[in-house]
Amino acid sequence: MKYFARRLFHATLLLLAVSIFSFAILQLTPGDFFAPMGLNPQISSRTIAGLRSQHDLDRPLPARYGHWLWGVLKGDLGRSFAYNSPVTRLLAVRARNTLLLTGTAMLLAWLIAIPLGMWSAVHRGKWGDRAAGVMTSGLLAIPDLVLFLVLLLAAVRTGWFPTGGMVSASFSDLNAWNKGKDLAEHLFLPALGLAIATLPTLLRHVRSAMIEVLEAPFIQAARAHGIAERRVLFRYALPVAANPLISLFGFSVGTMLSASLLVEVILSWPGIGPLLVDAILAKDVYVVIGAVMLSSILLVAGNLFADVLLFAIDPRIRVE
Amino acid sequence: MHTLLAVKNLNVSYRRGDVRQQDAVQDVSFDITPGEVLGLMGESGCGKTSIALAVLGLLSKEQAHISGSIQFLGKQLLAIDQSALRSVRGAGISMVFQEPGIALNPVMQVRDQVAEVIHAHKDLNWKQCRENAEWMLGRAGLPRDQRIFSAYPHQLSKGQQQRIALAQALACEPALVIADEPTASLDARSQDELLALLRELQSELRISILLISHSAEVQARLTDRLMVMNQGRIVERGRFEELYRNPLHACTKAMLRTGAPADVAEDVDLEMVR
Amino acid sequence: MKRGLKPDTNRTEPLLRIAGLSKHYVQQRTFSRAEFTVNAFQDVDVELFRGKTLALVGESGAGKSSLARCIALLERPSAGKIELESEDLLALNRKALFRIRRQIQMIFQEPVSALNPRLNACEIIAEPLAIQREGTQLQQRERALQLMEQVGLDAKWERKLPFEFSGGQRQRLAIARALALRPSVLILDEALSNLDASNQALILELLAQLQVSHSLAYLHISHDLRLVSQFADEVAVMYESRIVERKKTHDLFASPEHLYTKELLATVHSVESILLERSA
């Protein structure tokens, strides 16, 4: 228990530091949300000053930070200037959408990577493995941007899939089954894109972890005892190979809010990504800070999750 | 008395890519009869382990080129397919490896590791396999304690780990056990106990043993006949006591430590490994 | 019992004196606050003399390797003193310790992992010289070749990599490397255990010769009592992190006192006695 308390304490310190850093960085960039309005001759500088003061932008930074921090402790992440609504509500919806996307993509990627990686390792060096290797290298070499644009192009040209958004305009009119179908259609391309983008690294990790385990003496010993090859693979090799993969999984969970930014922007998926991009450009300060904090929390939680998972699964880590 | 294992003109050469590399085993022939202990001695790298791996079919075609004949109870092991070979491994011929710490599955409970071997060969349900496994572990000298049975290898001592390996090897009552340096990584006391156990089980279960060990004392305790190897070839063979009292070849003298080291210096060790 | 290849030097001042050496590790269970202490070794008193070999025997896990590493200055003990020719080694600062290190060298059990697989023989032997910045590269190479001859390796193998040597030859390499800095103490941690019988005899012979010619003190850890009876002048028995008995070799084998020592000796059988027992 002391261990957890210590981790929690460190995590809190980290989050505090991140928030201070984000505030400071945003402050360093010139201008604020209302600055572009000054370009409009029809809006008087007095109006702008009034708006600024209304949103506390004229107060010094430490004071604003303190005010924000106090709000956080009460569960209030501030207000978005652009949307004129509480950040918390805004982020909640967007975060949900993002998690849906990354969750699906992760599932897809792992479901392909594990069997393919195992198969590659077993047939190491043969044409199948080589082909898979070429494919992963190719995918790694292609910039994610290009990949997502290609998918977008495919959607536009073929018309098989919607080119953006999460649901159709008529979503609320549909029955439950069609709602699901509609969501799936919209989800398909972005999830596929993200899965393809993360697949190569994952595949390589699975393959090398399996190869390393398959060369271990205890595998040869198991074969020497007449254990069937399939059982050796799944009951002996995979559990041991899982060790490095579990850490990887934990970290992947940690990046679930951030990994999808690019695909969301390009394929117009209403997640945190586009929100964050717009907010940064517009200097919608509290939205940015809120999104960054949320991502950080998930990252820290992901790391802790990886450790707990490892402890639960690998008996060697538990000290007697 | 019919032969259990008949090896004739066995050749094993490892390959790297398509190139035939070292001839690890050259033209080796020997027989093992039921109930006998055949010892195999030689320097590290002289091909002893390669023979064991070849007999069990643990060397793939990509790893090594094997030729010759290995007959076990009438079956030609080099000609049968993998699934037939699988039924021989562990149930007909089984092996105890040198380093128990790395030959055991690190994330599987000790009892289950023995149960797996039983399950692979016998038509029993898991409960029965586990019960048999526990019995076998007890027979191998481990205390009948659930905590030990549920333990993982790294929680036990080397001596205990080697007993588990022995239990695995004997679980399906094989006719032949290949013991590859079974006591090499153990301290004096564990070595003593394990050898006593091996002797007891060998006479009780009437199994044959191919005992690979570079230690004259270990061979002396168990072996009936002995073969001495050098650089892939068998250079001398005979009853252990005969070889001990009247060694002819320089290697035999060196291994059984009956000759002065100086005599042997030119023949052994100082030649480069090719 | 021991083959007399060396002159029986008078028991003068000890070269290396270890007093009250102890080491414990504190481990913490993951996810909980409980800590527990593991004693590697406690209250060890040992003396090493020039030209003499002290053997350290005991079960694996009794702390012998840990002790060896502390004496070799690879780890710091928790308590006690190590004096080399009356100089307190544990009180030295890093710089002074760096210069002292050359005096105490270690040979490990597994030659494969003790030698850098990417360096050739000459480079391996010359590495300590390079680290201590002794001589030019040319001089270092010459000394390395010299050492190769001394340990019985053909100098023309200087460019060979470790994997090209046999197990016995690799240990010779390790010995040559250990001798490069002209140490006065050599610690052998199960250095013979991975070798087969014939190689063991040869390496022991070499070590005996070197001990005389270089006036070295040996601390030899071994679990093989038969070998110990051949090479040791004195034997210390370790049991559960303490030294329970220390005697001259002959005395220990003839009249052991501690229960554990007796148990250990009971496991030592000669081939003759085994054969006798079998035929009975």
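A, B and C are the chain letters, set down in written order, and residue numbers restart from 1 in every chain.
Assume a contact is a pair of C-beta atoms (placed from the backbone, for glycine too) under 8 Å apart; a residue touches a chain by one contact, two chains touch by 3 or more.
If you're wondering where the values come from, they're calculated on a predicted model, not measured in any experiment.
Set against the Cα centre of chain B, the chain with the most distant centre is A. By C-beta pair count, the most extensively touching chains are B-C. Distance between chain centres (mean CA atoms), chain A to chain B: 52 Å. The centroid of the Cα atoms in chain B and the matching centroid in chain C are 31 Å apart.
We define each chain's centre as the mean of its Cα atoms; on that basis chain A and chain C are separated by 54 Å.
Counting only residues that touch two or more partner chains, chain C has none. Within the complex formed with chain B, the residues of chain C that make contact are 59-61, 152, 154, 157, 160, 164-169, 194-199, 201-202, 205, 223-226, 263-264, 266-271, 274-275, 278. Residues 42-45, 157-158, 186-189, 191-192, 214-217, 220-221, 240-241, 244, 251, 254-257, 261-262, 264-265, 268-270, 272-273 of chain B are the ones touching chain C in the complex. The touching residues of chain A, when paired with chain B in their complex, are 216-218, 220-229, 231, 235-236, 239-240, 314-316, 320. By the touch criterion given at the top, residues 56, 58, 82, 86-91, 94-95, 97, 99, 102-108, 116-117, 120-121, 152, 154-155, 165, 168-169, 172 of chain B touch chain A in their complex.
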